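Take a look at the structure below.
For clarity, chains are labelled A, B, C and D in written order, and residue numbers in each chain start from 1.
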Amino acid sequence: MVVKLGVIGTGAIGRDHMRRCHRVLAGARVVGVNDVDGAVARSALASLDIDAQVFVSPHELIASRDVDAIVVASWGTTHEEFVLAAIEAAKPVFCEKPLAVTAQGCRRVVDAEVARGRRLVQVGFMRPFDAGYIALKKTLDGNQIGTPLIAHCTHRNVSVPPGFSDAILVTEMLSHEVDVLRWLLNDEFVSAQVVFPRRTANAPAPLRDPQVVLLKTAKGVRVDVELFAHARYGYDIRCEIVGEFGVAELPDPPSVLLRSEARRSNALLVDWKDRFVDAYDAELRAFIDQAATGSASGPSAWDGYAAAMACDAAIGSQATLEITPIPVPLRPALYQTKRSEA
Amino acid sequence: MVVKLGVIGTGAIGRDHMRRCHRVLAGARVVGVNDVDGAVARSALASLDIDAQVFVSPHELIASRDVDAIVVASWGTTHEEFVLAAIEAAKPVFCEKPLAVTAQGCRRVVDAEVARGRRLVQVGFMRPFDAGYIALKKTLDGNQIGTPLIAHCTHRNVSVPPGFSDAILVTEMLSHEVDVLRWLLNDEFVSAQVVFPRRTANAPAPLRDPQVVLLKTAKGVRVDVELFAHARYGYDIRCEIVGEFGVAELPDPPSVLLRSEARRSNALLVDWKDRFVDAYDAELRAFIDQAATGSASGPSAWDGYAAAMACDAAIGSQATLEITPIPVPLRPALYQTKRSEA
Amino acid sequence: MVVKLGVIGTGAIGRDHMRRCHRVLAGARVVGVNDVDGAVARSALASLDIDAQVFVSPHELIASRDVDAIVVASWGTTHEEFVLAAIEAAKPVFCEKPLAVTAQGCRRVVDAEVARGRRLVQVGFMRPFDAGYIALKKTLDGNQIGTPLIAHCTHRNVSVPPGFSDAILVTEMLSHEVDVLRWLLNDEFVSAQVVFPRRTANAPAPLRDPQVVLLKTAKGVRVDVELFAHARYGYDIRCEIVGEFGVAELPDPPSVLLRSEARRSNALLVDWKDRFVDAYDAELRAFIDQAATGSASGPSAWDGYAAAMACDAAIGSQATLEITPIPVPLRPALYQTKRSEA
Amino acid sequence: MVVKLGVIGTGAIGRDHMRRCHRVLAGARVVGVNDVDGAVARSALASLDIDAQVFVSPHELIASRDVDAIVVASWGTTHEEFVLAAIEAAKPVFCEKPLAVTAQGCRRVVDAEVARGRRLVQVGFMRPFDAGYIALKKTLDGNQIGTPLIAHCTHRNVSVPPGFSDAILVTEMLSHEVDVLRWLLNDEFVSAQVVFPRRTANAPAPLRDPQVVLLKTAKGVRVDVELFAHARYGYDIRCEIVGEFGVAELPDPPSVLLRSEARRSNALLVDWKDRFVDAYDAELRAFIDQAATGSASGPSAWDGYAAAMACDAAIGSQATLEITPIPVPLRPALYQTKRSEA
């Protein structure tokens, strides 16, 4: 069966998903697109040589009988509305993060999906589809290091666009760490605290950069996450889990070992888009396979909700410097099943 | 455009290519299959839930108007015949190695393709599609180490099936090294010499294991290739290129760094099938994309011919222990263009 | 000139220093020893085949005209008394850590040395004499990573003796981190906070293990130190400094890269005594060379005092969980000069 | 006991040994020196602030009752004469390599030492005293990789002085490989063959650079040694031993892992003098300890003789390109004992 996709939002990310679903991955076809700017939608189709219908209304696209499943890649502020509409239409929907711009918005999606009684939403957290994180997860699940006690994480960018605020640092960078750690550790975060190291001279005011976020889980695991938006030297994602009898580290992407100019070196990535390029394929692969059965898997609306609550607490702590509790609401039965990404 | 594929040979490898082309990669569909045992062909279709025609005659499959391009995964002894038929039908053909069981057979394929005047054959050498080798190639082509002077290669298996002879060691293991080195170095081999180290007690007689093959290229580069079929500890492919001002090494597949039991360690692969799994996808991706244009790219019939001649020389040297010349015939214009795998 | 040493305390550590000064390092000779148990002192001399005088009184040894310089390796509670006596005698003294069992005791030593007007005391913090830390220091001082902003440190032991308390965790493990970081960063600590991760089942109650100590320096650098006394897998000291445009890591001790049993691995140390064995030689080498001039260099009484104050704050935070300030008293002119270990 | 040393040859190497024996290592004292140029000898003493007798005649120095043991660091052509004189005087002698400039000269030393009936000569092959090689040796002796079958070695220099010939490449670079491999493998070399890769443009004519030397041992182990005198990028010594069930690699010297400028890198050495600096200390440490007993250990005259014969064969093969046999004479009983460096 070929899944017929409708794509809402045909900017850079939407276009990339269109290419991926149409040219790379078997089993799907883009049949409809919508963009707030119709010309952009038409240009996306033309540039990819895709023959599909341009919908003026995103809601008509969602409702169309020709469309089996939805990909939401429009502006973040519109995500909640389109995901709710897809749930209403009982269609699987892949939604780029954030699921909604507030935790309450995420909760509304959760409630709608629970009311529908079946998983329809996959949130675009791609790290659980990265081969390195999957290998790390297997190491933990295979009890190769014992019960996890501590996690040390770093998330460094070369630089970020102007206008990046302390809050955006959390929603853009921390949210991925939160999601992948909840999955790796099979645990929930209960508090967050932000501490501010010496500021780099390379970050434009008023951004405080770097920051260290200290998280605690329900099981007592302590996590420190270094967020460094202007690390200059490369895009570097690291994760080390300390267990009762061993320690495991996320692998770096492979690269040629070069001996030259008195150094033995490996190239590091500088562009974040290169880091998880295979994971983007894999998350869509999972979405298409599951959509063919009329459902969804992978990071859920509940995961989007949990990430939003943790980010809210971290943003709160940026102002107060206090240890800030993260709510841990009762998990609905729909989300009891373990994720099956690996 | 969707390329309609006919697959000849539906054993393990053929079946894997069917799955790949039908379920993983966009742009192709398996429409016809043939196997020397029709029941095997039907079972392959059933197990993969593919709806396609079972051809009793491979030649009818090749000739069928419903079939755009051919994948040959039958026994090696039949490759030449089917590839020649595909060329005759002017259809792109992906042929698992070997292209033919003799160098003369490869030459006949070359001559037929040259007579047709267009690239139609892609040989199943997958290493040039491996991300690690591509990165190594970029390092060389980007002049990061200067002119290559020496290459040190190792090819170690945990073990091999019973009946593995000295000659099979060359055709199964050395041929891949020969092909990927010709591509990496953009050079031709002119001589081969085999030396026999102390024999491992773990190899069944009469196989001499390990072996070291010393190759020389037209440009004077010296290559040593360690072939070790019963290395026990893992499946390990390494390649180090020594240039005039630097040295570059093929990256190992990424794996979790584990600290446990007084060791800091990375898991090694033990099954060769896991090593190039992404490269198999990529070589078929290239075949499908090119077949859509009615042509072929990647490792050519000429490359298959060159590999066969180098292997013949190595097998000769196993008997004589002499430095054995490798013929370097004039390269037809059809094969002048550089390969574009990377 | 040969420096004539008097050694107080001839247990395991004292005996090791005697061996080192007598058999390994040029320029010194052990001429007198004292131990609370005279039989132990005589046995130490006999086992090392050293011909030296056994002093019944440590103070007579310190005062003896035959003795140029003192090595204090007796119980920690006696250190302050003997160091003060050596200062009184104007003799260079190498004192195993702690310099004194309280910060006030350290301060008394500082005051006495300042009153003497010349450096006489070297405290046995050996890490600044470790080749790896020296290389890291050069990386920082050579501005290869820019201004330091963050440090991530880990200090893991296989296990520790019974009776190890939360406070001992700080004085035995954290004190080394504090000293070497002050030296690396050329900075002072201003606050400490302890957080308690999930407890390992491998630590005997009531020890809380592991612990994470969060430190802040006067320049704003944030340091996290993981102390894990029962890490089981090995003795592992790591230090990563994050700068404005680069990151530097302390090298691991070199070891053979072994490929075996499906792993590529390096042995880790399990006994802490092996980790800094060359650094013990180097710190005594520095002491002997400097003692020949009638003075001392390396970690000073001031450094011992600073470490004691930081440890006191960390121990306080273990009880309160609060961010606890560390006093930063005015540094006397005697200690203005930079350390010259590297 | 303090060993009283006489040093013959007070150029760079001799002076460095004087410093080492006088200032670094316990248990020795330089009491006499000789140099072909007396002013050089006096200047060496002055620069090191050593109070010792300047002998006009090297033979008087060797014979002097004030001298317990000899260090020979004069020109290579004089080594044989001085070592023979030391044996005649029954004094332990440390001789920088080469032991003699011909294999026959080495044999004469062997015969003289055998006639004396006790080990008196230590040849200055320092690699068996390097911590990395010692760890590698332990890995082999501990049967961690099984029976050795193959060794891959590289010896790369940044550059070498003008006038370096093909023969000097062998005596200066290959000789160390030969000695350390004989020790590591506990085996003898039986043949050598040289092959010439493409020549680097960075080597001055007529030196052929790089070269690959293929060696075979009595037990059948195959060794390939890459000698590359103008590798430009660094001084790089590597050694990989392939065994029946595992592979072990010589550790690189430790260095800071630096993340900067889009690379993760470790500094490589560029000056060969830095590579084995600790091994030079250790070989003299062993010499002094053994000289105190009136004997010698470590690399023997026999080892010097064996290295000379292997080098002769390699030099022969440079001319003929043939596989050239290496004589394996009967080993005198004096040299039956295994070396005890580790």
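By definition in this document, contacts are C-beta pairs under 8 Å (C-beta built on N, C-alpha and C of every residue); 3 or more make two chains touch, one makes a residue touch a chain.
All values derive from a computational prediction rather than experimental measurement.
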Return the chain whose centre of C-alpha atoms lies at maximal distance from the corresponding centre of subunit C.
B
Of the chain pairs A-D and A-C, which one is connected by the greater count of C-beta contacts?
A-C
For subunit A paired with subunit C, centre-to-centre distance based on mean C-alpha positions, whole Å
45
How many Å are there between the centre of subunit A and the centre of subunit B, using C-alpha atoms for each centre?
37
Separation of the C-alpha centres, subunit A versus subunit D, in whole Å, is 58
Residue numbers in subunit D touching two or more further chains are 233, 236, 245-247, 252, 259-261, 266
Complex interface listing, subunit D residues touching subunit A
233-234, 236, 252, 259-270
How about subunit D: which of its residues touch subunit B in the complex?
147-150, 152, 195-202, 210, 212, 214, 216, 219-222, 224, 226, 228, 231-233, 236, 242, 244-247
Subunit A to subunit B touching residues, read off their complex:
21-28, 131-132, 135-136, 139, 144-145, 245-261, 266
